Amino acid sequence: MSTASFRALHDRLRRQVPWGTGDRRGALNHISPERLAAAAGEARLGRSFTLAAPLASSAPDNPEPGMRHMKRLPGEPPDVPGVSFAADQLVMNVHGDVDSHIDALCHVSYDGTLYNGVRPGAVTSQGASELSIEDVRNGIVGRGVLLDIPRLRGIRWLEPGECVSAAELAAAEAAQQVQVGPGDVLFVRVGHRRRRDELGPWDVAQSRAGLHPDAMAYLAERQIAALGSDSNSDTAPSVVEGVAFPVHVLAIQAMGVHLLDYLQFEDLLPACEAAGRWTFLCVVAPLRLRGGTGSPVNPIAIL
Amino acid sequence: MSTASFRALHDRLRRQVPWGTGDRRGALNHISPERLAAAAGEARLGRSFTLAAPLASSAPDNPEPGMRHMKRLPGEPPDVPGVSFAADQLVMNVHGDVDSHIDALCHVSYDGTLYNGVRPGAVTSQGASELSIEDVRNGIVGRGVLLDIPRLRGIRWLEPGECVSAAELAAAEAAQQVQVGPGDVLFVRVGHRRRRDELGPWDVAQSRAGLHPDAMAYLAERQIAALGSDSNSDTAPSVVEGVAFPVHVLAIQAMGVHLLDYLQFEDLLPACEAAGRWTFLCVVAPLRLRGGTGSPVNPIAIL
Amino acid sequence: MSTASFRALHDRLRRQVPWGTGDRRGALNHISPERLAAAAGEARLGRSFTLAAPLASSAPDNPEPGMRHMKRLPGEPPDVPGVSFAADQLVMNVHGDVDSHIDALCHVSYDGTLYNGVRPGAVTSQGASELSIEDVRNGIVGRGVLLDIPRLRGIRWLEPGECVSAAELAAAEAAQQVQVGPGDVLFVRVGHRRRRDELGPWDVAQSRAGLHPDAMAYLAERQIAALGSDSNSDTAPSVVEGVAFPVHVLAIQAMGVHLLDYLQFEDLLPACEAAGRWTFLCVVAPLRLRGGTGSPVNPIAIL
Amino acid sequence: MSTASFRALHDRLRRQVPWGTGDRRGALNHISPERLAAAAGEARLGRSFTLAAPLASSAPDNPEPGMRHMKRLPGEPPDVPGVSFAADQLVMNVHGDVDSHIDALCHVSYDGTLYNGVRPGAVTSQGASELSIEDVRNGIVGRGVLLDIPRLRGIRWLEPGECVSAAELAAAEAAQQVQVGPGDVLFVRVGHRRRRDELGPWDVAQSRAGLHPDAMAYLAERQIAALGSDSNSDTAPSVVEGVAFPVHVLAIQAMGVHLLDYLQFEDLLPACEAAGRWTFLCVVAPLRLRGGTGSPVNPIAIL
C-alpha cells in the first residue's frame, strides 16, 4: 500500500470517530451498559480461561526480558514473630514483542498527534497527562469474539509476514457462524503463540503475521471496542510504504481502538471448539499505572 | 488471643480443608462452574468498577515505591518510519502496604510449612515451584460481596488498630440484607483507603484495622473463595501473642484463601448504595508471573 | 542574592571558561598530566579510604531507595556442576539526596542551555548524546583537598540551611595550612553525614547546608577540577531568589565543574588529622553508563 | 583435569592461605601500605585509562541487559524554580557475561563452603552477612600488571575455548620484561573484548578463553592480590570434569582472590606499548552495596 493510500485511509477512519474532541476513551464508548450486561450472558458454562502467556525469559523476541526477583524467602528466619513470608519484586517493560499487554491510546503518535488531536507533548518523562492507561481503570468488560484464521485456512498457524484481509475476517465469521458487532472485543488468532511453543521463538520484530490495514476499515464499520491478537496485529515487514506499524496507527491513533498484544488463545481454543461457540464474556483489567502507556494484562475469557 | 488459642484455632481450620493433600488452589475450589455462571447474573446494570488504587508514590506507608519510567517519548524523532511511540518500564514490589495486590498461597509460612503441608523450600531464589500465583492464571471469577463496616457503625472509617469481629460481619450481613455464601469473593471495607485520601498516609505497618482471627472461623463456615480489604485484613498491632499476621496465617496457610490487599471501594460504594445491592460479578486477573508470590491486580466489580 | 545578581555572576563565570565551544570535559581540563603525576606523590602512607556512604534504605531523605535483590543463593542446588553462586541485581536512581554519586555535565539546564551552550534537546528519553558521564570514563584522578568547615568553626556539623562563604573557604585553607590550586578535586565537609549518623536522617531536600554562590567565584579563580561535599554543595532553601540550585547552575552549567554529592568523610578525617595533612591522591571512577546523567561512585582517597 | 586432581589442587591452595580463620579480605592482604605507596610511583606519565566496557545492550552474551532509563529531561518544564535537571535510573545485574564487574568473596560456594570456611547460609535473600563487597569499600589500590597473551602468541585474540597455562604466563612475563609479584593486581588479556568488537558478540557462556586451573598455583606462589581479565578468567567449556568454573573456585573460594570479569584493555594497550611498560597504578572502586555479591566497576589504570 502506498503512503498516500494509507494516509487517505487513515484520514477517513479518523473522521468517522463520533465521540467529539474531548473524548479520551475511543472505541470503548461502543460498550454501552446494555451491551455489557448482555455480554455477561455469555458466561453460561461457568469456566474461565487466561488469554495471557507467562512472563517470558530472554529469547530472540525478548531482548529486555522482564524479571521477577525474590525479596524474601519463607525458609529463612522471619523478621516478625511467628510467621515468615515469601515476597518478590517485578521489573518489566510494558510493551515489547512477547509479554501480553495492552496499549494505551497515548502509545502511538502519527502525523504529529496522538488520538483525537492530542499533542505528543502530553507525554513527558513524567508520563502521559492524557490518554494514559488510567483511562481504562474500570477495565474492559464486554463480549469477546475469537476469529481463528489458521482454522479457516486449515493450517496450524500463519507464517511470519502473512496478512489477514478484511475478506478473510468475513470468511472466518461465516465459517464460525458468528457476527462481529458493536462493542465487541475482537480477538484475531494467527497462531503465532502456538508456532512459538512448537518451533521456538524467532525475531518477531522482523517477521510477523498480522492484519492488512484494509481490515481496519472493516472493523471500524463493525464498531469493535478493542482488538487483540496472539501477534501484535501488525505484520512485519509492513505492507505500507514508509509507515512501520500501520494497524497500530489506524487502530490506536485514528480509531481510538485499544490493542491487546501477544496474547495466547491455546487454552481457550479447545473449549470454544467443544462448546461450538466463539463468543464469551471478556474482562481485561489493566494495572492502575498513572501516566502509563499501557499495562501488562491477563485478559480473562469466561464461557 | 494467646499463642496457644491461636494455634488451636489454626489447627482446627487447617483440618477442615477438604481438598486433599495434592490441592494447590485452596478455597478457590469453592467456585464451581454453577456458582461462576450464577455470579455472571449479577452483571445486570452493565457497569464496571475498579477495586484497585493507582500505583502509589513514596509515603509513610510506601517506603519502596513502585516506579514507572518512560523508555520512549512520542515527541522525539521516531526510530521506525512514519510513526513514533510512547513506552515505559515498570519496577515494583509485589507486596507492600499500599499498592493493590493479591497474595499467592506460597506467600505465608507458619509452623514450618506453607499451605497444605508444602515445605518452605519449595520457594527458592528462583521463585515458588509450588503454590505460585500462576495457579490462579485463569483468574478469580465469582460473586463479589462487599461488607461495609464503617456503614454499619455509622462512621467514616475504622481507626487504625481496630478489629472487625465475626459478630460484626454477621451484623453487616443483616444490615445490608446479604448473605455471604460458598464460593463468594468477600470484600470487607474498613475505610482505610478513604482515611488515607482524606487525612493522608500513615505508617500502616504499625497501625491498621483488620479482622479478628475469630472472624476467620466464621468465614471458613461460609466457605468463601477469597478475601479482600482496603486494609490487608490483618490488624496492627496483632491481637495474637507471638504471631504477627494471624489472619494471613489462617487465611492463606491454613484455609488456602487468597488475600487481596489494599484495595479501594470508594468508586464501587456509591453504585452499590444507589442500586441497594452489595453483590456483583467480580473478576480478579493476576499477571502470569511464573514462580511469583503474588501479583499487582486491578479487581473489577461488575454490577 | 537577587535573581539579577545571580545572573550577572553566572554570566561572568561562564565567560571565563577557556576551553572553546567544542569542549565537553569542562574543568577536568585543569588536570594536566603533570598535575596528575604530582598528585600520585600524595600517596605516601599507602592507605586508602572510601569517600562514599553505603547504599541507603528508605528514609526521609530517600523516598525512592535503591534496591539490591538476590538472584541466586549459594546454599541452593547449583545449576552448573560442582559449584554454586551468589548473585544479585541492582535497581537505583543515579541522583537523589543520600546515595553518593557524581553529576555529569548534562545534569543541569539553565537559561535554555546545558554546559557550554549545548541544547537541552541533546538529552532525550534515550539518554544524553552529549555531556554524558561517559565523558569521564577514564576517571577523575588528581590531588584531593579536604576543607573541614565544622573543624574551622569548632562544631560537630553545620546545621541544615547554613552557608559556607568564600571567606570561610579561605579561612579553612589558612587553618589547615593548605592551598587549593589548579586541578584540585576539592571536598568541602559540612558535617551532614555525621549529623545523619548521629541524629538520624531528615528531609535534606528542604533543609541543607552548602556553599554560598559567591564561593563559586573563589573556586573558579582557584581553577578546581571538581567539587564534592557530604551535602550536595547547594543550600536548601536556596539563597538566590528564583533559582533553586544556584551552586549546581554555576558549577555544572557555567563552569563545567562536575559535582560529587552526598559523600562521607568520616573514615578519611581521622587519618588526615593524624597525618596533619589534608591532601591526598583522589580517584573517582564513574560507571560507564552510555548517555548517563551521572553515576553512583565510590571515590577513593589515598594518603 | 579429573575431579580428583582438581580437588587435590583446591585443597592445597586453600591450605596455603595464611590469614587465619577470621580473615574476610583474602589476597587483598598482600597489598601492604608499602606496596601501595610504591605502586603510586607507577603514575609517572600522568595519564589514566578505563579498564571497563560501556554498559552493554541485549546480545547473545547479554540475555538480561542492564537498563538506564530517564527519569527527567532538561528540555521539559522544571519542577523547581530557574533550573531543570536530567536524571536517570539504573537497573542491572551485578554479574553476567559482558558488563565489567568485580566478584565479592561470597560469590562462590564449593564443597559446602564459601571462602575460608564461611557457610553458604551467610548469604540469604537479604544479602551476604559476610564476605560481601562492602569488605572492599576502601577500594583495591595497588600495582597493576597486564600480561598480553595474544601479543605473546602473535595473534589478535585467543579463540573461545582456549586455555592460558602457567607456562604461558611465565613466557608473557619474560617477553614483556615484567615480573608479577606480591600484592599485584594481575590482568590477563585474552583479547575477547577485541574479538567482540570486531566479530560481534557470541554466546560466551558456552565458549570462552581463560586460564588453566594449574595457572592458579603459579599465581598463588606469586601472591597476587586480585585477578582480572577481558574474559571471566574461566574457560568454557570447563577443562575440569564435574566442576563448571574451576578458576572461580580456586581464586575466590580457595585463595580469596577477587576476580574482575569482562574488563577491556583496548584503551590501555597502546599506551603500554608506547611506554614500553606493562605496570601501572591500579584503582578499583566497587560501589558500597551492603550485602552485595559484587559490583559493577570501572577500574582505572594510571601510567
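Labels A, B, C and D are assigned to the chains in the order they are written; within every chain, residues are numbered from 1.
Just so it is clear, contacts are C-beta pairs under 8 Å (C-beta built on N, C-alpha and C of every residue); 3 or more make two chains touch, one makes a residue touch a chain.
Source: prediction; values computed, not measured.
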Given that chain A and chain C share one sequence, their CA atoms superpose after a rotation (degrees, nearest 5) of 180
When the contacting C-beta pairs are counted for A-B and for A-D, which pair yields the higher total?
A-B
If you list every residue number at the chain C and chain D contact, are more than half found on both copies (same) or fewer than half (different)?
same
Could you tell me the distance, in whole angstrom, between the mean C-alpha positions of chain A and chain C?
47
Round to the nearest whole Å and give the separation of the Cα centres of chain A and chain B.
27
Compute the distance, rounded to whole Å, between the mean C-alpha positions of chain A and chain D.
45
Which positions in chain A are in touch with at least two other chains?
67, 69-71, 73, 89, 91, 124-126
Could you list, by residue number, the parts of chain A that touch chain D in their complex?
57-58, 63-65, 67, 70-73, 76, 91, 124-126
With touch defined as at the start, can you tell me which chain B residues reach chain D in the complex?
67, 69-71, 89, 91, 125
Which bits of chain D are touching chain C when the two form their complex?
3, 32-50, 52-55, 68-71, 73-75, 78, 80-95, 100, 106-110, 114, 120-121, 123-128, 134, 137-139, 141, 240, 242-245, 248-249, 267, 281, 283-294, 296-300, 302
